[in-house]
Every structure is written in structure tokens, then in C-alpha cells.
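Structure below; questions to follow.
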Amino acid sequence: MSDAQTSGVDERVKQQSSLRKALIRPELGGICGTVIVFILFFLFAGDSGMFNSQGVMNWSVVSAQFMIIAVGACLLMIAGEFDLSVGSMIGFSGMMIAIFGVTLGWPIWLAIIVTFLMAMAIGWVNGMIVVRTGLPSFIVTLAFLFILRGFTIFLPQVIERKTIIGGIKDAAEGDWLGVVFGGKILKGFFQWLGDNGVIATFERGTRAGEPVVDGIPMLIVWAIVLVILGHVLLTRTKFGNWIFAAGGDAEAARNSGVPVNRVKISMFMFSAFCATVFATCQVMEFGSAGADRGLLKEFEAIIAVVIGGALLTGGYGSVVGAALGALIFGVVQQGLFFAGVESSLFRVFLGVILLGAVILNTYIRRIITGER
Amino acid sequence: MASILKKLALATAVVTAPLMAATGASAEGEKYILVSHAPDSDSWWNTIKNGIALAGDQMGVEVEYRNPPTGDLADMARIIEQAAASGPNGIITTLADYDVLSGPIQNAVASGVDVIIMNSGTPDQAREVGALMYVGQPEYDAGYAAGLRAKGDGVGSFLCVNHYINSPSSTERCQGFADGLGVDLGSQMIDSGQDPAEIKNRVLAYLNANPGTEAVLTLGPTSADPTLLALDENGMAGDIYFGTFDLGDEIVKGIKGGVINWGIDQQPFLQAYLPVVVMTNYHRYGVLPGNNINSGPGFVTADGLTLVEKYAGEFR
Amino acid sequence: MAEPIIRMTNIEKHFGSVIALAGVSVDVFAGECHCLLGDNGAGKSTFIKTMSGVHQPTKGEIYFEGEPMNFGDPRDAISAGIATVHQHLAMIPLMSVSRNFFMGNEPEKKVGPFKFFDHEYANTVTMDAMKKMGINLRGPDQAVGTLSGGERQTVAISRAVHFGAKVLILDEPTSALGVRQTSNVLATIDKVRKQGIGVVFITHNVRHAMAVGDRFTVLNRGKTLGTALKGEIQHEELQDLMAGGQELATLEGSLGGTV
């Protein structure tokens, strides 16, 4: 017992440099990436309008969109599963709100609540199939990607003979729940900013004199709330420990009495919930639901999560990291436009960032698990 | 740590600098941004890219082409917002969905950016969002005109191969054609998807199941090219009445070979080229045409194909 | 010794036509290390699973602290105080030691209406428990993946002890370990035994069994051939019993008595 390995402080462990220790934080890649991205765009697009109030709002909103679905995807990925039906779920939820609220004429709050229940029920089905059959979630949710997208195109065509249902803005006028998703906050503050010349105001038309940014959209509020909630849930609660455990090694977790199936199913439901938040915000803002909404968003969510340091194999990751990944994604996507880069090159940048993130993550895992 | 960061930043800057310089080099005069709703995979928009590039060269202005990579219109709304925030002189955009795009376009107009609507949307909608004008081909009317023409040629039933079912204007083309024929659209429109092999097989399957179909209507090269292959394969080529929207290499060959009866040319080149010219002149000299510009429809048949053939897919 | 904590008599377990256990009797007393020896396929795994409530026996009785006991599922066994440390450890390499330690039994503290994972408590307890077992962690947030195999076994064992195990079933804890790590684990077993916990040490390595065992039971072809006390039985005898006698004797000859 009194050998070098266990008595006193192990002299070999000490050699770890502080850099390597810092690398073990899953958010580190995200933090570095964010800093680099902002420095680059300050240099190359600083005077392009990217950092005026309109520009900031533009990439913030896009990043917030990514964040909302990334939080769901992140927790699910840490729990060891994927959800490829996120994009289709966005289209489907939006369409259901439109069908309930416009075609059937229900009050919007009811349409939203019923849609949320439906979406979470579908998430539950996703989870049940994965847990019960033991099939890879990749395949199961791929099936739902097609099923939901199919219904999203089919239903409005049958009901309204078109693939876009509009008129939701009128239907949602004055609805208490509609405002929670489609409204804006701090309007007075932004008006004050506009009046005092801090931010630009519209020059002409019916809105002349109003500030170009007239409030923080609820979309951003939702994103921040979900990120905080997700982070606290993951790092500060019993359930969070179970999420890590379920994704790290489901069998080991079961042996320790963690209800792995319940954890996974609830994460599928949460992923569907996040997709529906995204869809509801979008529908309330734009006033219409279309069959093309949310295409490929599942991959964007997964990319944001991976950039944020989560491991594709589950068991490791961070909600804050995923949020930073979403911020990087949004800033790069919109920033390339501001910088005047040919837009078809966006995918090249995305690929490079993704590859870099994955390589860094693999390196991090080697450090953690001590593999060589 | 810091040194790694520095190296990374430097490396990225070195890589990105030429890309940024390449696109920023031509900037002397005004700046115009064209925003389309087309996904990256839609080859028809190449003509549009060439159109604005040529106009940019000729007028000495900076032009940019932007589109949502997946064709998601909500993403397109963000791109318009972004374009407005970058402070160009004008934005040329399609109005694929009024509900989604009218807000961002109106905000752009209100913040002092001139807007011209091209391609999708209607002249009425263009006026409502405060755009200077509309340049394009009213889709329903074009479909209707094509339907009347086909009816004159004795067609009574058809298959509409819709490769872009998400876009209302695509459906309007089919609907207009059906109304022109005086028949119910019903199930004569199929959602073909974007993949050539899928489109071909779906057309084959439909024609197999409905052998009495008298005409095929395709909505662009994306659906026309595989449909040509399908007709070749089942031996209906040259026999079935075949009309298509838009032009492309294969379509031109089909018209020449007598497989395609006509192509409706909405002349996308004009839709991209004219707005740049119009806006540049408006901003430089204050002159503006008094009305909307209809770039189409023009029916292209086997007669007079020379120029079309030469520039198909590039400017036609 | 007094009443055994657990007594299993004539346990049989059939899977369809396959008879995995054909009459096994074992009892475990507090504070002893009962070694269960058997070659691969002797029925060790089935027996452990029966003891820990995963399988219900087809025939035979289980008495727990003198009472007849029927475990419906593993949770019953765990709450009764039977803890199993599996061959494949219930440890997650990417998670920290303290998160692993409390996995499934997370301590919580209330803040207003919300319950949060009590990291402070978890960290202190983990560091203490590890120190007791002679392992100095860099910190409670050190990932289990950085520990050696023996250290992981020790974490798993001390976790079971912390959560009130009365009987600790160790499934081949030394089979994949080097010499030094093995001696660490054996030392840990000794410490646990001294705390008054009954240890069931499953192994096919007679040398390891002889090092810490108080009593020895050999399992062969689904049957027990009786239990021997320490000092009553020799290394070679156990080896022979495990293999069923003759073949190994000849094999041993050819290997020069090194097995």
C-alpha cells in the first residue's frame, strides 16, 4: 500500500500544465472561437454595418435561433442520442399552429399550447422507440425527419391547397401567449436610445423617427432563458448528473440506479420543445408558416453543439459551450455577408470550423480519459 | 495559450484575406445586393448571377448575390435584414412569400434603402412594401397564357412536375395552366423533389399509372431535364405534349429536337440586369421608369433558337 | 460466528433447457471475505446475478439476515444492502470522481423551491472516502478516466461501502489488473472486511483468493463442492477442484507446476 502511486501526491500527475488543465473545460474551444471570430470580423467587416445597431440585432437574432435548438440538441447529445427531426419539427410545429389558429380559427394561445403538447408527444414517441428497440436514434429520428416533413407539406396542401399558410399575425393580434413568443421587450429604452441619437432611426415612410431597432425580440429572451435553464439543469442538479451518466455509459448508469430510459425520453421531449419554441417565435414574427421552414436546422443545431465542445459520442459537453457554438455559427454566417465574401463560400468556412472543433474535441477527450 | 491564439488568428486572417479582397476589389461606385429565395442547388439562378455581374461591370457598381443555402424563406428574411444593415444603395429581392418578407423589406425601405422586387411576387405586393418597381413575370398569368396555348393545341389533361413545392409561385404556375386549360388541377401536380433521379422516377411512375395524360408541364431545368430522360425511356418523347417554364441547355436541345413544344422564357437575365441599371441611373441622375417591367412571358419555340442556344444557361 | 447476513441454499437456475446452476449453497458472514472460485462457465455470473436480484432462482431459498427473501429486481437487493461491483465497472470515465461516486444517489440541497446537486458535500465526502482507501485525488473533479484500473475498483468499492452495503459482491475485480494494482485492490478488500462488511470475492485466480480469503467455495459445472476455511485447504487442491481434477493435474505436469 505504501508505494509511490497511492501515498502522498502522485508526482506524475503534477506534470499537467495549466494549459492542458484549462483545455479540459468543454467551453474553452467555444470561448477561443468566439474571441477569434469577433476579432476577425472587427478587422474585416468593422465598417460594414455589422456592428451598428441593426447589424448587431441581425446576427444576434440568427445566433439566438441557433441557440434555442442547440440547447435541446446539446442536452440530448450529452445524454447520448441525436435528434435529426429537429428541422422537420420546426416546420411541422409552425404549420400546426397555422392550421389550428388560422384554418380552424382557434385562439392562438390554444393553438400554441396544443402544438407544444403534440410536439412533445412526438418527442416522447421518438424516445420510446429508441429506448425500447435499442435502435440508433440516428435512424429513428431520420424516419421522423421524413414523416414530419411529409405531413408539413401534405396537410396544408389538402386543407388550403397551398404550402404556405399566412394570416397568423392578424389571428395573433392581442393574444397573450402570442406576445410571449413574437413580442419585443425594452421598447421604451430603444425609443429613448433612438431619440437621443445613440442608434439610428428610420428616415422615411410610416415609421420615420422610430429607432431601426425597436426592442429585443422574445426570440433572444427565450434563447437566454433556455441557455441558463439548460446550464443549471446540467451542472447543478441531480438530473444533470443523470444526463451525463446516461450518455457516458448507459449500462454503467443503469447499474448505479440511474433511470436511463426516463432521462433519454425526457431529453427527446425537451429537444422537441426547443424546436417548437423556435417554430412559434418564427411563426409569430413572420405571420406565416411554410412547408420549407427549418430545412437542415437539425444539422445546424448539431454543428453548434459540436463547435461548443460536446462529444458526438455523448457523456460530455456544456450548454454554455453550445450557446457559444451557436453564437460563432450565427456571427460567421451573417458576418461573411457583411464582409462581402461570396456567399457560396460560407459552407467552406463552416466545414473548416467544424473540422477544427471536432479535432480539438477528440484531443480533449484523450486528455480526460488518459488515452494516448 | 496566448501565442496559440495569435497564431490561429493570424493563420485565419491569411486564409481569409484574399477571399475578402477578391470580392471587395471592384467597389468604387454604388453597392447593390440581390437576394434570392433559391437554394444553392437551383442552377437556373446562374443566369441571374451573370446578369447582375454584367450589369455591375457595365455600370461600374458593386453587386452581390445572396441566397438562403437551403431555400428556407425565414433565413431569407434574415439575409434581407442583414443586407439592409450593411447599408447598400439598393436591394433587389424576390418576394417569394409576402408574409415573411414584407416586414424586413419595409424596414429596409424605411431605413433609406431603395428596393426593387424581381422574379417572385406581384406588382401589387411590390407597391405595398414600398418598392420602386417590380421586374418579372407574373406567374399565374404566365401559366394561364401557357394553358390557353395548350388548349388551342388540343390538350385536355396534363402532369405538372413541381420541383419546388414550397414556393407558392411554383404552385401558381400549375394552377394557372390548369385554369387556362379549363380543367381542375386536382392531383395532376406532383411534388417531385429536387433530386434528378427521383424526379425522373416519379414522372415515369405517374405516366405509367396515368397513360392517358396528354401533356407534361415542367417548371424549370431542375424538373425538365430529368423529365426529358423519363420520356426518352418510356418512349413518349415527341409524342406527348411537353411545355416548360424557363430555359436551359437541355431544354433548348429538346425544343430543337421537337420533344419540347415550347419553353416559357421569363428572361431572368432582364430581371437581374434591369434593376441594377434602373437603380444606378436613378441614384445617379434621378430618372426612373414610370411602371413595372414585365420581363416575360415569351414563348420560345423551334423557330429562332440561335441566340437562345448560344447563351442558354448563361444569359438565357 | 453468529447468523450469516445472507444464506443461499440449494439454488438452482434454469434458462429453458439449460441448467446454469444445479444446487449452489453459500453463506456470507459479516466481516469475512468469502471467495467464490470457478473457471469460466462454471456459473459464477449467474450466481452473482441471482444474489444481487437480477435473476430469480428457479429453486432454492435465500435468507437475508435470517428472513426468507425474494428480490424482485436489483433495486430491492441494493436497498437491502447488497452491492455489486461489476467486472465492467459502473463508472463513467468522462465524469468526475465525485459525480461518479454519487451517481444515482445524488445529494441535494434546497434553494427556495428548487433542489440542486450539493457539489460541496459530494466533493468533501468523496475526498474523505478516497483518502480512507489510500487514494489521493488531484481533486474531486478529476475524471475517472484518468485513474488506473485498480483505483477505479477502489472508487467503486468505497462508493458501495459509503452507501451502506452490508454485503459487497466483487466480480473479478483483479482479473484485468497488473501486480501492483492487484495488491492495492486486495488491500482495499481487507479494509472493507475490517469495517464489518461481508465481502463476496469472485475470481478464478487462486493466488488472489488465498491472499485475502477467510473461506473458499468452489463452483464447478453449476454446483458447489462445499466450503473450506482458511488453512484447511491448499492452493493445489483449490486449483484441482476448480478444473474438475484430472486434466489440470496432467497439464500442470507439462507446465512444470507454474499454473
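Chains here go by letter, A, B and C, matching the order in which they are written, and residues are numbered from 1 within each.
Keep in mind that, in the parts below, a residue touches a chain if its C-beta (ideal position, glycine included) is under 8 Å from a C-beta of that chain, and two chains touch if they have at least 3 such contacts.
Here is each chain with its UniProt name: A = Xylose transport system permease protein XylH; B = ABC-type sugar transport system, periplasmic component; C = Arabinose import ATP-binding protein AraG.
On a predicted model such as this, the values are computed, not experimentally measured, just so you know.
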| item | value |
| --- | --- |
| Chains linked by the largest number of contacting C-beta pairs | A-B |
| Centroid comparison with subunit C (C-alpha atoms), farthest chain | B |
| Innermost chain by mean C-alpha position | A |
| Computed distance of Cα centres, subunit C from subunit A, in Å | 44 |
| Length of the line joining the C-alpha centres of subunit A and subunit B, rounded to whole Å | 31 |
| Centre-of-Cα separation between subunit C and subunit B, whole angstrom | 71 |
| Footprint of subunit C on subunit A - complex, ascending | 1, 3, 5-10, 13, 24, 232, 235-238, 240-242, 244-245, 248-249, 251-253, 255-258, 311, 315-316, 365, 368-371 |
| Subunit B-facing residues of subunit A, complex | 19, 22, 32, 35-36, 39-40, 43-44, 48-50, 52, 54-55, 57-59, 61-62, 153, 157, 162-164, 166-169, 200, 202-208, 212, 282, 285-288, 290-296, 334, 337-347 |
| Residues of subunit C defined as touching subunit A within the complex | 74-75, 78, 84, 86, 88-95, 99, 102-106, 108, 115-117, 119, 134-136, 138, 143, 145-146, 148, 151, 180, 183-184, 187 |
| Complex contact set, residues of subunit B against subunit A | 1, 5, 8-9, 12-13, 16-17, 19-20, 22-24, 40, 64-67, 69-74, 77-79, 81-87, 97-100, 103, 106-107, 109-112, 130, 165-168, 171, 191 |
